[in-house]
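Next come two complexes built around chain A: one with chain B, the other with chain C.
After this line comes the complex of A and B, so read on.
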């Protein structure tokens, strides 16, 4: 009894098979990227400001990332690698910075990725936690630091957000591309929040935000004047014996403002003590970071 | 409305709950003017924030100036002198303060601290007050929505309160204080006969609400603790005299304790753990409660529905009386325009071409209209070929007379 042979129900027509023969399909073995074990902390940040070749900066142009860079540097860390080729979409919670640290618990060669809000805990584990005064000279100074940080993250940040260029209509509306910067909208920074451009009382659906550039600029100038008065001729803000979180935040904002548009930059440049203070801290913060290189 | 062009008029949300207004910035502005220029300003209760230069209340009008927001109002008032602002009524004008600057006694370092602390209070306390008023559903439904709706008539009473609430949503979603998920938008199905009501308690929502209340409590304790330590056992923050820092703190605390909110989370926390802040707030209220005359509320105008505040403000701004030269110039301008129109019409009548409508009959007897310009004939509705034939016939001097115009 002859054995039945399997014939496929569907076969490729011969002309088509001949056409396909001109485009052979080759399957290559899977390529696995070479993984370098993480031995030093690696910080993911937004790219730095453009600079001349040979003088690339390691400090991020984003104020949120720069705050953490300054905080890590002022707590005494050295040789921290920094890379800015990672999109914020790949970061934890979709926000940079993230810190990739060698994992001592799991011994994972890839290390562990830490979100921004957990970086202070990591720092305390490495160098020891601060005392109750958090580095300030007394309780009153520690309490006052909250006010200064609120001023930086309120009035100063609002002026910085206002100065950001608006996203291109073509890229944002037509092509639906995500924004390149991670800035919060001004409406979420101001308090009370601005009224809609169409007004509260009109029957039109609310759209836009009615911002008052003059009022925001006036508050920004007052804030910079107050910061200059606060730092005076002290080495650290509020006369603290050493660097604190307020110094890290103040440096981040001053550094970004000195690279901002003319109106913002000039207001800071008028205060000589602020410029000198920023330059001194700039050297210290830059010395703590090295650019990440895949060949290392 | 101002009694005179030089009277200071402060436009704020209407008073409620034994307070000058329902919004912290408005209360601070009223307190500030009372301390700086007592008896020299009027209060106008206003429910149209679109009339403000900043789109928000309060705003201050002084002659032709309109000043907003609060920080600009405080600076503007500080630059005035009591002598430059006449009292509203001589009879009830108390002795003017020695300076219109409420913070005149502060040195530069204290002024810098004041700026920082005000920024912290406006951010932290402002979020807490707005969360209690607009984010907590029970408070908004029971107190804020009826209060705001009572300020407006149809149709604004339906959508203005909701828009004011939505203005806070962007900020609260970033801060994690927005506590109104989508359950309010669910449509409730009618209950059938005999059907028991489905339990609406969602364990996830319960945990979420509890977690958020803890977060609010944590933020509140952090903020209230800072201000309590800053105040210490003093009556006011600086020099035993209220400054803008005291006014800012007191305005927020007074709203939290005076407003009859069903959810008493923050007022209970203040009463139980931070009585010093309540005492301070009442002290400031006693020292700075406005004694200014409150003008009658502005009448509701349909013009408030116009979406362009700049157009409305231009339409409503008081017209400055014109000088004799301006009136003469305007008269000459209108005369020139009239002369140009009359001259054009006269020229057309006298020298312009005369147009007549005539009927033209063709070979088939069909009539069509023709426009006669002067002595020429223009046939309207005839074919181009017929026109060319007529032109050729006219050129040859012959023709059978077809297409002649008939008057």
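After this line comes the complex of A and C, so read on.
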């Protein structure tokens, strides 16, 4: 069946097109930017917590990036380069982390850039997919892990988001520049979502969110207490035989919380088992990454 | 021959400036006092010379629509014989100015508003603000406060803040946001033999964002916010009698910029341009233009390239290298022009009147353009190329184009409709065969 093709409004007459085909009379090789062929996978993340020069951590201070760092490390990868000088503006969909990986498909020396949501597929391609239990000891634990991850990404993340400093008025309102980090609004994290400020019966269109810092704080404390009980003295959450996605998420939150302001940090620091667990995983995750400049 | 009238004793008893309602007395005094004859034996000639000088500076202050001088015998009861009053009848220019405009052309539509307050504090200060919205330069704001800093009015100080949101997706898959402030001391005038010098400091915050999904890795790694703190000097001299149909004179400009006094960007940038035209035959002009620039980065990014996408040169387009697409020369990564550190461009045009229509502002021309844009640090087989190899590549592999067209001089804007072809090009260059339209202030 013939396919319909779009015709431009004005077409170059054939004699002219033939004349144009002779030009340019002389062509030179293309001008290409300097590139270093990528050999090892390279993860783009938000910067680590500030530290003493020469003793910089390779772990991102952003909980979303750290989740993926932990996930990659706990799946057994080693010598993964990590760089934090790339802005999230340069990331796919404007969100870090991104993984730059050597690509046999594109044959590009630059490799290919993979968005965060495609990292599990990349991991499975490299080290093989997990079984149906996804590393948990049984189906019940696997299902239960979803609830724990929801708890971390709900109550704990909301407390963490509330503790973040407000965007600079000068930077965002006066200069009208985009934010330096992508932060989800707290109201989009909470379950159930908070009521709007305008009230349900208001004739005004809904605006804002009625947030209760005390309620968020109470739910955060309960969540940390529950996490502490869950891990107990086990090596991995839910007594799994090996690391799972829940361990990666839990480590990311615990690591960031231990560097957060006092109100959040103390709630974790007073639970010895959580601190020891975080320290143990911390060493393992750090060992998987090398700073980008040092890896060249 | 000496005139007895000019040698006659005369003395300025008072200088009066009528009609200067909004101008400070101290500012007027600073213009008047340096020109009053100091000798107690002043003559009528020296009075006339002082009157001419004061009148000249009153005109140069650009505060008055008209300045008329007259001499009257002094009305002061204590005046002596020969004492005169110099009276300037002036009419001040309107203080407030507001203009709105809508422009379409050069693949861009713009709506803008400009407001100006003249003589803000009565000392010749000017405040001007401009805001515009467009399809490529999406938002632009500029506010400038200018004031004379010397009595001779040939040196001005300028403070300005600016903001710009530019859509560069046509060649860089990204938008650029610019916020900054600038302080400039400007001395001299462009049309004089010595030209105009500008010394300034600029602090700017640049943001590359809004990337298209197809953006290259080079643009992705360069995205984000960067700051620049720089000192610059610009010298401009334009002695041409006409920007297009000049028969004598030269326009020359030289710009130096040193960034790295704080801020993220650290580089030295130098750029020069030259334009001259001469009459070959009545009605036939030869126009020559050349530009060149070099950017030397004083710091390197983590991957060996300087992260100064906003600072690099771009080349190509109807105003600088005809028959090439705008900013399409130099290093390219995928669909993105990354700009270069070294460029040159030169053009020669023959301009003539339209047959039997020499008075029309439309002229015909034939042109030959050449130029190239190169990176300074290029890694080939693991080795960085030197300045010498970059210069060599730029000179031995020039992109060249030729064609004919029409020029419409719509002062101060110049519009061109050209038909031409590229003669030599890199395979990565964006060429344009056939018709090309250009609108701008300065063309090659």
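The definition used in the following text is that the second predicted complex is superposed on the first by the 248 of 296 C-alpha atoms of A that agree within 3 Å, B and C clash if a C-alpha of one lies under 4 Å from a C-alpha of the other, contacts with A are read in each partner's own complex, and residues count from 1 in each chain.
One rule holds for everything that comes next: a residue touches a chain if its C-beta (ideal position, glycine included) is under 8 Å from a C-beta of that chain, and two chains touch if they have at least 3 such contacts.
Here the structure is a predicted model, which means the values were calculated and not measured.
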{"item": "Partner chain(s) touched by A:195 [first = chain B, second = chain C, both, neither]", "value": "first"}
{"item": "Which superposed partner A:233 touches (first chain B, second chain C, both, neither)", "value": "neither"}
{"item": "Touched partner set for A:51, first chain B, second chain C, both or neither", "value": "neither"}
{"item": "Which superposed partner A:11 touches (first chain B, second chain C, both, neither)", "value": "neither"}
{"item": "Which superposed partner A:20 touches (first chain B, second chain C, both, neither)", "value": "second"}
{"item": "Partner chain in contact with A:146 - chain B first, chain C second, else both or neither", "value": "first"}
{"item": "First (chain B), second (chain C), both or neither touched by A:210", "value": "first"}
{"item": "Sites on chain C touched by chain A in the complex", "value": "163, 177, 179, 205, 207-211, 213, 215, 217-225, 301-305, 329-333, 338, 340, 373-375, 377-379, 384, 397, 400, 421-428, 431, 433-434"}
{"item": "Touch list for chain A against partner chain C, complex", "value": "12, 16, 20, 23-36, 83, 85-92, 94, 100, 110, 113, 175-178, 180, 292-293"}
{"item": "Contacting residues of chain B [partner chain A, same complex]", "value": "23, 25, 48-50, 53-56, 68-69, 71-72, 75, 108-109, 111-113, 115-117, 119-120, 122-124, 126-127, 130, 155-156, 159-160, 163-164, 166-168, 170-171, 173-174, 226, 229-230, 304-307, 309"}
{"item": "For the chain A and chain B complex, residues of the former touching the latter", "value": "139-140, 143-144, 146-148, 150-151, 153-155, 184-185, 187-196, 198-204, 206, 210, 212, 214-215, 218-219, 222-223, 225-227, 229-230"}
